[in-house]
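Take this structure first; my questions come after.
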Amino acid sequence: MNPENYVILAAVLFTIGTVGVLVRRNAIVVFMSIELMLNAANLAFVAFARMQGNLDGQVIAFFVMVVAAAEVVVGLAIIVAIYRSRRSASIDEPNLLKY
Amino acid sequence: MTAPSIDFLTILPFIIVGGAAVLGVLVETFLGRRARRPVQLVLVFGSLVAAFSALIWQSGTRSLEVEGALALDGPGVLLMGLIIIVAFVSAMLLAERQLDPAGDAFAPRASALPGSVEERELTARGYLQTEVWPLFLFAVLGMLLFVTSTNLLIMFVALEVMSLPLYLLAGMARRRRLLSQEAALKYFILGAFSSAFFLFGSALMYGFAGSVDFAVISDALAAKPGETTLVVGGVAMISVGLLFKVGAVPFHQWVPDVYQGSPAPVTAFMAAAVKIAAVGALLRVYYVAFGGLRWDWEPLLWVIAGLTMIVGSLVAIAQTDIKRMIAYSSIAQVGFILMGVSSASPQGLQAVIFYLIAYSFTTLGIFAVISMVRDASGEVTRLDQWAGLGRTSPVVATTFAIFMLALAGIPLTSGFIAKFLVFEAALSAGAVALVIVGVVASVIAAVFYVRVIVIMFFRDPVEGGPRVAVPSAFTTLALSISAAVTVILGILPQPVLDLIEQAGVFLR
Amino acid sequence: MTLPLLTILGVIPLVGALVLLALPKGNARLIKQVALAFSIAALVFTVFMGLQFDADSTAAFQFVESYPWIPAFGISYSLGVDGIGLVLVALATTLVPVTILAGWNDVEDGRSVKGYFALILVLETLMIGVFSATDVFLFYVLFEVMLIPIYFLIGRYGGPNRAYAAVKFLIYSLVGGLIMLAALIGLYIVSVDQLGQGTFDFASLVGLDIDPTTQKILFLGFFIAFAIKAPLWPFHTWLPDAAKEATPATSVLLIGVLDKVGTFGMIRYLLPIFPTASEFYAPVIIAMAVIGIIYGALVAFGQTDMKRLFAYSSMSHFGFIALGIFVFTSWGATGSVVYMLAHGLSTAAIFLTAGFLMQRAGGLGAIAAYGGVNKVAPVLAGFLLFATMSSLALPGLASFVGEFLVLLGTFSRYVVVGVIASIGIVLTAVYALRYYQKVATGPPSPHVEGIPDLRGREITALVPIVLLTIVLGVYPAPVFDVVNPAVERTLEVVGVTDPVPTIGVLGGEQ
Amino acid sequence: MIGTGAARMAGEVTDVAPVIQPLAEATGVFSFLWVLIALPLAGAAILLLGGRRTNRWGPYLGVFTVTAAAVYAVVLLIGLMGRSPDDRSVGQTLFEWVFVGGFTAPVAFQLDQLSMVFVLLITIVGALIHIYSLGYMEHDPDRRKFFGFLNLFIASMLLLVLADNYLLLYVGWEGVGLASYLLIGFWQWKPSAAAAAKKAFVMNRIGDVGLSLAIMLIFVTFGTVVFDEVFAVAGEASESTLTWIGLLLLLAAAGKSAQFPLQAWLLDAMEGPTPVSALIHAATMVTAGVYLIVRSNAIYDATVFALTVVLVIGVITMFLGAIIASAKDDIKKSLAGSTMSQIGYMVLAAGLGPVGYVFAIFHLLTHGVFKANLFLGAGSVIHAMNNQQDMRRYGALRAAMMITFLSFAAATLAIMGIPPFSGFWSKDDIIHAAFEVSIVAGIAGMLAAGITGFYMTRMFTMTFLGKARWEDDQHPHESKPVMTIPLIILGIGSVFTGMALLFWGDIVGWLVPVTGLKQTPLPLPTIVYEVITLVLVLAGAAIAYVKYRKDVAVEAPQDVNFLTRAARNSMYDDAINNVLVVQPTYSVTRALVGVDNRGIDGIVNGIAAFVAGSGNRLRRWQTGFARSYALAMVGGAVLVLVVLAVVRLP
């Protein structure tokens, strides 16, 4: 199979993730969309690694996974804290800071 | 296959800061509550001093280290040193616990519900949050890496190491916790979003060049000038990630919310240190990796810089909250920095570094003052409440006025020399239109800097208005340093200019 | 090594300001006395320097000193004065003690007395510096920094609408200043291109051969700043507000000295550095100046507030000054310098007398509130009349010498312009006498009834102004001695010569 | 003796060109030339700066300085007479005043025949007026200041006539303006006085613009403003230039000498104390214009056009003044009208060129004496009538004030030109000279003489003759000796000045070196012109006497013809000025104030408001919703892509 298709798939996934961030209200879902974007990048790295014929991209993917995991820890912590104080996980609800 | 050769001595600053951060985590785990704060403070200040000493000790060498993953070149070392100093001063603000009668600027326990019984009890018992210190050190480590990384992967990791602790720090304010948490959430969501862009852009660049190494990318750009899709996509998305961090329009909207919601010392740290790191990274990416593309990205930076200056200044005029106003002003300042970046010349590089030095200290001073102006409910950031401060607390108000004048670029302050340098760099590069926009933006910006002075000095004090709390030596010292740097750089900039000149340009 | 006289002169008031800050807050009297003492010391030192000045010297500048400041950009701390700079420095050091004396009781309501006088002294330092800088960057720095003390003087110690006026003044000035900064950098870049090593040294910049297009662009940058500062029509609208709100002492320093930096800049920097552009823009600037003369006078006539009236009148006078500079004749240029001096003095006279009057009548600014001062306070009215006459350039007073020379210079080159500008003479008389008539004559108004006449301190403040105005009007030779050579050098650089009389006794010599 | 009626009758042709006399260094009696000015100037300074301390003796000091100056003037005259007729120009340079480029104007004085006669007139008549004022202003609380101002007036006028260059003359010129401003507005608590003072100054300023422009044009043309240097080469300039100079000088003269169209201030100037009017009208101010024209004869001689304009202006003013004088009921205003008219005569004469210069000055001198006499006499009357100035309230004052009556009568006959009173000699010479140049001008001069007869007789009759029409409580009495003695002296002067100057002083011969003289025989014997003039004068006088001898209504009748109504309104000069100048100025001012506040400042504030508004609008974009921020970022990403792509496309 042509690795370029994987790149295209990655782009599609990235777009889906972006749209998810823009349209979903639930903070968890928004967060998942971001993870999707990161993983789209991972897919692109791996696909490009294949196309380029070196392993760098695959190694990078591992790095990204670790970083993403760390991000989850921090992100969930913040979301949970917000949820506890506001009883809502809507990302639109915290709206005191504006203008 | 041999193990990579690493000269650990040259990367000692990273090791010290990182090690101290890890130690800090251990301290949190194993030491008793009473002992934590002194130990953490020793760790933080000690590690920063040590890291700085190590940096000075090694500053003679200009090299790429760790198999070329880190560039300890002139600008890199300079920026690292700057970050460490700024972090040191920020740490002094973070360590302040005399301004708020209840303790320092942070919630006693981040997990406790705002306004809950638990929180009240903890406050009453004088609990202090000491987890901020390891977080702080990790963020510093991330920044140090950010400005020295020579490939996109390290840069990404550094970005996250820098950002993740900041997301948390933003949400830990003792007062007005809802705002603080909101700031943390927004910062986190948008930060993660932008780093996704950065990462995907890196993937595209990797796809184009076969490596994430700046030098390789640069060579590839020279070798394959015809390639468009991947290059444009890659450059664009990497730019998005970096411009987000520096807070350029239209990636700026997180800035006011986060600056306003975070505790003042954290905002100070973010506004000063993060800006240095992010601009440093931006410089390196653009000058080293995309150096061959300067004809492509120069117009981009012109547009972004112009937008940033104008929008930042315009919206700042309409603000009524001092922290938000400073946030917008920092956006406008970024516009000027980008003007320097856009000149794509050694002059531009020097101008930008000088600008960063000047700006970061001024900003630290501003937030130091903001953290001091309080009433019973905490910091008072409504501008009209500051009326008559010049009458009630002339020294602090005068200092603040000096910072305002510096940001406005009035001569004999660091801000003027900085502005002079970026204008000079931009004009040398022929960006006449951008300079004109810069002039217009400066004028608009002056309006709100001046308005602060009007409020402080030309109005009578309000009934029941805020007081300037008496700070401990930490804040006093931080404020003094900031003010001194702001004035001295304005009057005698030559030594610093020499230093920057000696630093030379980026290695690749 | 000779003593750095100009630096010493500049430092005197600065030290005074620092001493003031160290004095105890409670003793207002001591504060004022110390401020006065330092300003007088500076004046005495100026006189001393004036005696040292060698009018016949061929050097462009005297009392020269130079130290590298920011060598990375060829910036140095260089001072030196020619005749023009010298007389303006002298104007500044003369007016400061006068304003301190006149503004003795300006601050009475709990605002900081120390601050007021310290700001005035700091301002004096900056004024001395700005007229004696021979490094363009240094000039610019002082030019901009000067705004700050004035800004505080207006905004902190002014009238009810002071904040608006102060901000308007500052922003207006910053617009000019920033545009000038851009042009200044442009000039620097040209020097880099031509000399290899960039410089801000005045003499080196004059030596540049800038191509006309660049000149025209850079000229505009400088000119707008100067035109706002001076102010010329139509960049003047900050002035009425600032003048109305500021204390009279502040107004004297602002309009009497500070604004002269604008016209000083034109003659010192614009003409020699951008000769081609100067000639190119001269018609436009002359038009602006003439419009300013007539327009300012007419609008002054229409004012109901006395300080606003003075502001517009000053604008009209600044029109004369700018006119004299841009007609490129020795008469015009020298006339402008004399006019600057004279206008400084007459501004002091008119603002201070009005200030004394207003202070007695509860701060009212409306002309209509006054009347019959002559009956109640004849000495005050006498000074009011003198100020009026000085303002309308009565022959025998300093302003006449300046005005006539400017008009002569103009007329000799552009007859029609000279004629139109001369109409200003009549209009000035109209508004100035209307002011005096309304305020001083007729039956005393209720606000004026019973006011005391001038006190000794106030008279002491005014007398030097009056004397100088008369002496310079009758015997201006010392000024001509020092100014003529400087003007000649300037015009030589521009490359213009005076028009030759059609026939005449001097025709053969020229 | 050249230039006299006898010579003319003899049919001699005279053509003497003016000479540039060598400027002799001021030595001997002349070495203190500057003291002449310094004396009254010092007096003014001491009185005005000395404050109340000088109240007691101040007025006497004022009188002393001028009297001393008068004495010195006589000494100077003697000194000058001791020199040969073509070498009577003495110069004294004090110091360089203005020197820039090729322009120099020293503070230097020149005493020649022309300035000498002016100096004499100014100091002697001035001294008499000062003395008179001692009595007239006795009870005025501010009389110290009054004498200070009078001294200033004298000093300025002396500077004007002694200056050796145009720029210094200008100083005196405006100094006179200032002094007149102060004196006309002396009772400045009266709004009308203050307004009149301002009006005088402003209208003078219009003239001053002319002088100022003339000086510039002179310098641009000749490269100098020193009289002798200019006159030496005056003929070499192009005629158009000279015409312009001449017209500008005329504008200046019109302002100072209240000539059409700048005459409107003169009548209002009667708001000042009467001695001031005497000073302005007789010895100083209004004569300055004539001096300027005659002094600049070298310029006018070369431009027929400018001379003609001078002539025309003189004629117009002569009639305007005479008509106004005929209708005014206020004694001072009527006298002011007569001054206008008489100065009109002098300007007319000056407009005749070399034919008339001498006679302009001659008439100026005689007029100086009899007009001072008239004004001081009027002042005496006003004083006696408790400041009543309306002649309809006078009548039959002869008995009460014999000295005043007699001196006034002498002056009246003098101004009417009845032989052998002084006015006859000078006025007839002007009429003769006018006929030499233009019959129209000559006839005009005769007619105006007739009107003079009318209005002076009217004034005299209404005041001193007829029935008493006094208000109640009027007890007119003769003034004190300090006032009457000057009247007596002036009265004698009114009788004899003309003859003395002409026959004993040889005024014509005296002045000719400066002014030159041309004379051609008239077609008819001079006696014919004299008789016709006299008939006209007597006719006018007879009409007036008949009309005003008996029934003069206390209230001015309203059913009068248009001319009278116009004359009562000073020929509507205020109304005309109002429509042509004042109102337009007000309108333009109002418009410009609007333009400034709403236009220029409006733009400035508009920009500020726009900026603030933009800030507020942009601020709305910051909605507080994280997702909209993300959207903006995506938009930004697109922007970045587009910019990069666009740049890369070509």
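Couple of notes before you dig in:
Going in written order, the chains are labelled A, B, C and D, and every chain counts its residues from 1.
Please note the rule applied: a residue touches a chain if its C-beta (ideal position, glycine included) is under 8 Å from a C-beta of that chain, and two chains touch if they have at least 3 such contacts.
The model shown is predicted, which means the values in this text are computed figures rather than measured ones.
The chains in contact with chain C and with chain D alike are B.
Once the centre of each chain is set as its mean CA position, chain A and chain C turn out to be 65 Å apart. With each centre defined as the average position of its C-alpha atoms, the distance from chain B to chain D rounds to 79 Å.
Averaged Cα coordinates give chain A a centre that lies 25 Å from the centre of chain B. In whole angstrom, the spacing between the mean C-alpha positions of chain B and chain C is 44. For chain B, residues that reach two or more other chains under the stated contact definition are 185-186, 189, 193, 197, 256-257, 318, 447. Multi-chain contact residues of chain D (touching two or more other chains) are listed as 608, 619, 622, 624, 626, 630.
Residue positions of chain A touching 2 or more other chains: 21, 30, 91, 95-99.
Across the whole structure, chains are in contact as follows: A-B, A-D, B-C, B-D, C-D. If you check the complex, the residues on chain D that touch chain B are 608, 611-612, 614-616, 618-619, 621-622, 624, 626, 628-630, 632-633, 635-637, 639-641, 643-645, 647-648. On chain C, the positions that touch chain D within their shared complex are 168, 171-172, 234, 236-238, 295, 298-299, 301-303, 329-331, 334-335, 372, 374-375, 379, 382, 389, 394-396, 400-401, 404-405, 407-408, 411-412, 418-419, 422-423, 425-426, 429-430, 433-434, 437, 440-444, 474-477, 480, 484, 487, 498-507, 509-510.
Of all residues in chain A, those touching chain D in their complex are 18, 21-23, 25, 30, 91-92, 95-99.
Across the complex, chain A is touched by residues 619-620, 622-627, 630-631, 634 of chain D. On chain A, the positions that touch chain B within their shared complex are 7, 10, 14, 17, 21, 27, 30-31, 34, 37-38, 40-42, 44-45, 47-49, 51-54, 56-57, 60, 63-64, 67, 70-71, 74-75, 77-79, 81-82, 84-86, 91, 94-99.
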